[in-house]
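Presented below is the structure to which this report refers.
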Amino acid sequence: MNKQHTAILHIHCPDQKGIVAAVTGFINQHNGNVLHLDQHVDFEQDVFFMRMEWTLADFDLTVDEFVTAFAPLAETYSMQFDLFEGAKPLRMAIFVSKQPHCLYDILSRHETGEFPVDIPMVISNHSDCGHIAERFGIPFHHLPVTPETKAAQEQEQIRLLEEAHVDFIVLARYMQILTPTLVDRYPSRIINIHHSFLPAFAGARPYHAAYARGVKIIGATSHYVTADLDAGPIIEQDIIRVSHRETIEDFIRRGRDLEKAVLSRAIWLHLRRQILVYNNKTVLFG
Amino acid sequence: MNKQHTAILHIHCPDQKGIVAAVTGFINQHNGNVLHLDQHVDFEQDVFFMRMEWTLADFDLTVDEFVTAFAPLAETYSMQFDLFEGAKPLRMAIFVSKQPHCLYDILSRHETGEFPVDIPMVISNHSDCGHIAERFGIPFHHLPVTPETKAAQEQEQIRLLEEAHVDFIVLARYMQILTPTLVDRYPSRIINIHHSFLPAFAGARPYHAAYARGVKIIGATSHYVTADLDAGPIIEQDIIRVSHRETIEDFIRRGRDLEKAVLSRAIWLHLRRQILVYNNKTVLFG
Amino acid sequence: MNKQHTAILHIHCPDQKGIVAAVTGFINQHNGNVLHLDQHVDFEQDVFFMRMEWTLADFDLTVDEFVTAFAPLAETYSMQFDLFEGAKPLRMAIFVSKQPHCLYDILSRHETGEFPVDIPMVISNHSDCGHIAERFGIPFHHLPVTPETKAAQEQEQIRLLEEAHVDFIVLARYMQILTPTLVDRYPSRIINIHHSFLPAFAGARPYHAAYARGVKIIGATSHYVTADLDAGPIIEQDIIRVSHRETIEDFIRRGRDLEKAVLSRAIWLHLRRQILVYNNKTVLFG
Amino acid sequence: MNKQHTAILHIHCPDQKGIVAAVTGFINQHNGNVLHLDQHVDFEQDVFFMRMEWTLADFDLTVDEFVTAFAPLAETYSMQFDLFEGAKPLRMAIFVSKQPHCLYDILSRHETGEFPVDIPMVISNHSDCGHIAERFGIPFHHLPVTPETKAAQEQEQIRLLEEAHVDFIVLARYMQILTPTLVDRYPSRIINIHHSFLPAFAGARPYHAAYARGVKIIGATSHYVTADLDAGPIIEQDIIRVSHRETIEDFIRRGRDLEKAVLSRAIWLHLRRQILVYNNKTVLFG
């Protein structure tokens, strides 16, 4: 991890000759020093992907100037690009229901400085985790949800999120399905943890389904939320082996460790701007 | 692994007090020395499972006598039981199509003595792997299958299997679906390798489906074949991590290693009589 | 996991015929119902190991009566045995230095009921983690250690531990080496987490050593503390893959997740009385 | 994997501004199309590493011309570089002793086209594997080694290797230590498989040592051979979990699967020119 003040650029465009030379030439010409460059061509789709990080110390363009100066080159290659400032901490909201294990894990990582992120709020449809947010000094909003109040409560969620300039949302075992109203405002910016190795056991009670099927591995999957339940771009997955001796309670208990780890890795990749979403899949840059 | 002449007993029955004491008392009384005892109660179903292995050196019953002598005790506890002679090598038929990697893996393990098994035949719907069977001195039967000839060829397969007293069948990437005629003759005795972590990506072309979904892990599953495609009792599963850099060809290439390993572990467990099938799930004894 | 009131028995003795029958017969005769029996013979050493758990509901012996009644049978087979009451929560002390990640992980598991354990104290040679213990309502004892004060402070630790009837100690990244005075009082009852896959990289700064060697996997190991540094019986180990792109800081960050998981699994096994130590190795019962 | 005719360039040099721009500009100017570019800066040592692969279809330089044309740029940045032709199969010799599992695995991968490599010979100090090489149509040289004949036999090995223009050597469980005479001729071009997770259990009988220590994981490590036994740059490692129920024979049996997989992955990376050795460590490009 690099502590310098840096900028990060994501690019994707139709593949053709000379893209890397053109882009690195541009950065060089403006006196940036490339720290990381990870480039990839998807030959099935003929799409070029790149993430580049460079130091801003001697760079002679501001962020706004970059966008203007880079536009002609981007147009030449039909690029879509995103620019991020590496040093600027993102603002993350956490949604949680009753189960606190992911919340604890995230807040303790935040407190110890592992996650360079601001956490302006925890939102929950239950009050159970309120004391945990309080311990860590994070504002807690209890917004109970019933079929009748769901739409109204989501409006309140959106108001809180926008007021606090939240950049992205983490669903830390939030047991409500978000409506398109909310999902569409945060494209590729809502991270969910699902407690199965998707696409197996999508939907409710995956540990019970895994137990019933008699699988020998169980898993967890972090993904960006889209309009399709549990079908968004997968960020990270992991599994553990289970045995016939284990009960559903064992699956749930051991699965919590998976959920914590897999969700935290997804948050880390998101914070480091290592994720590019394309065609409902993720490119995870090194 | 124990080289002594042993007997292995599988038991399942409704759970109640005193089963272990009764069974071990019986073995003790007939002068058997218990080497391994693995016992397990499924509390969801209240079913007792046990595998026990004991030495036959001083045991005062033959296999036939055991069945008669043990019957009253089995009846008392409503047991279903199976008795195996540990030293008697099983007879295994291998079915293969065009891809040779699992076949090579199995035959080389057999040749080096890793698998204590007799292999009376390799059956294939293609001729591609004939030279491999020949190299290892295993009879190869080329039985091409078309929709019209399928039924007749399966009759021929059954004839060959029965003539050779085959105990169980390994589908080493055999790309034909077996009909109930064959499946029903070998219950819990046909082992298939499927190239996905089931239940995800059942059916055809799982690597392509995994690639399309953008998963971060791919897997392989060995299971007993039942009438439902890719839905039989799972024996063993494993996975590898994949990256966005990898193509479908990479998935296929790397997946072969998974398939070889997962299939071989299933064969090993079957040979060691460590698998008990109950309610479409496997109990894998230690 | 079983919620009934149970007793757990650990046995080891020279292997011979009839042990299982004798022990299960004894339990049966006193009206206990065996829930779990895991038995294992180490053929290299000819040693018999067994863990058995049975319900106390109808059992006609108290713990004290059991010891007396079982003694003749134990003597017949030269058994060493330990009896535990499954329902009685153990009392666990946590030692910690500056790094809080394992402490947070353990305390949050405790709070959510995952660990059925009493935690009467956190002891630290630094004050950094005091506020964490406080948040969870656990008494925190700050006992700074210098070469001069080490012996005296250890006496104070022992006083605190004994006063609180502590059953076992968890070193949750405690960066001091315990002296034999303390270690000898808690044989097989002090669990340490070492941040390497032992025996590789024993001693100080294992992540730095792993980085220097250029390994492709890093690990963590939980073990019981003995007089030999990092050489006690291993309870659990796990690893993650690392790449050349990662710095020592990445190893340390990602290693924290390993340490948390591996330490917690060791605590779980200890709490469940699934660990038997023999000849500086652990038998982990199922 | 890309089937086009390509060139691959490895570079390392002190890190400074503009390297990527300069190199990709050079390729672009000569009409090469960059397919893969993986770049990495080791900030501890301030060293820049890069692997780049580009198509030769329209490239206007031959290999020889490239070296001359690129030299000024290389000098400017104090680069060390290696150029490879992607389409040219390497020539690989296999050394083996008595155990055939890695040999079988490699030869069957070769036969099925997985490894784009020529195998002009198998060399062994025993005759056991002769029939395997023969089956696959590979010349087998039986060169028995005693302390007295070792030097002479190594001269014969070198003669055979040079006569056949061997590019690199795979020690597929070859149980002899190579002398510097041979090692120095093939720097970073002799791949060994060691049956432990190095640096743990270097030297002889690692499975026995792992068993004696009571580890819960065992591993295998592939590395380039250097003058220091088992201390060369690590290419790939992997592990499996083991239990107290397993004997040394189980470790050996299950370890074979690890050895096969880990060695084959190292060969694959070597064939793809994805490995750069620097300071006794490997950079594995994506």
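Of note:
By written order: A, B, C and D. Residues from 1 in each chain.
Everything below uses one rule, namely that a residue touches a chain if its C-beta (ideal position, glycine included) is under 8 Å from a C-beta of that chain, and two chains touch if they have at least 3 such contacts.
Small disclaimer: the values here were computed from a predicted structure and weren't measured.
The chain with its C-alpha centre at the largest distance from the centre of chain A is B. Annotation: the chain B:chain C pair of sequence copies touches via predominantly the same residues, more than half of the used numbers being shared. Put simply, the C-alpha centre of chain A and that of chain B have 42 angstrom between them. Each chain gets one centre point, the mean of its Cα atoms, and the points for chain A and chain D are 37 Å apart. The residues of chain D that reach two or more other chains are 40, 43, 243, 245, 247, 286, listed in rising order. Across the complex, chain B is touched by residues 1, 100-101, 104-105, 108-109, 111-112, 114, 135, 243, 245, 247, 249-250, 253, 256-257, 261, 264, 286 of chain D.
Chain A contributes residues 2, 16-22, 24-25, 27-28, 31-41, 43, 241, 286 to its touches with chain D in the complex.
The residues of chain D lying in touch with chain C in their complex are 40, 42-44, 197-201, 213-217, 219, 233-239, 243-245, 247-248, 280-284.
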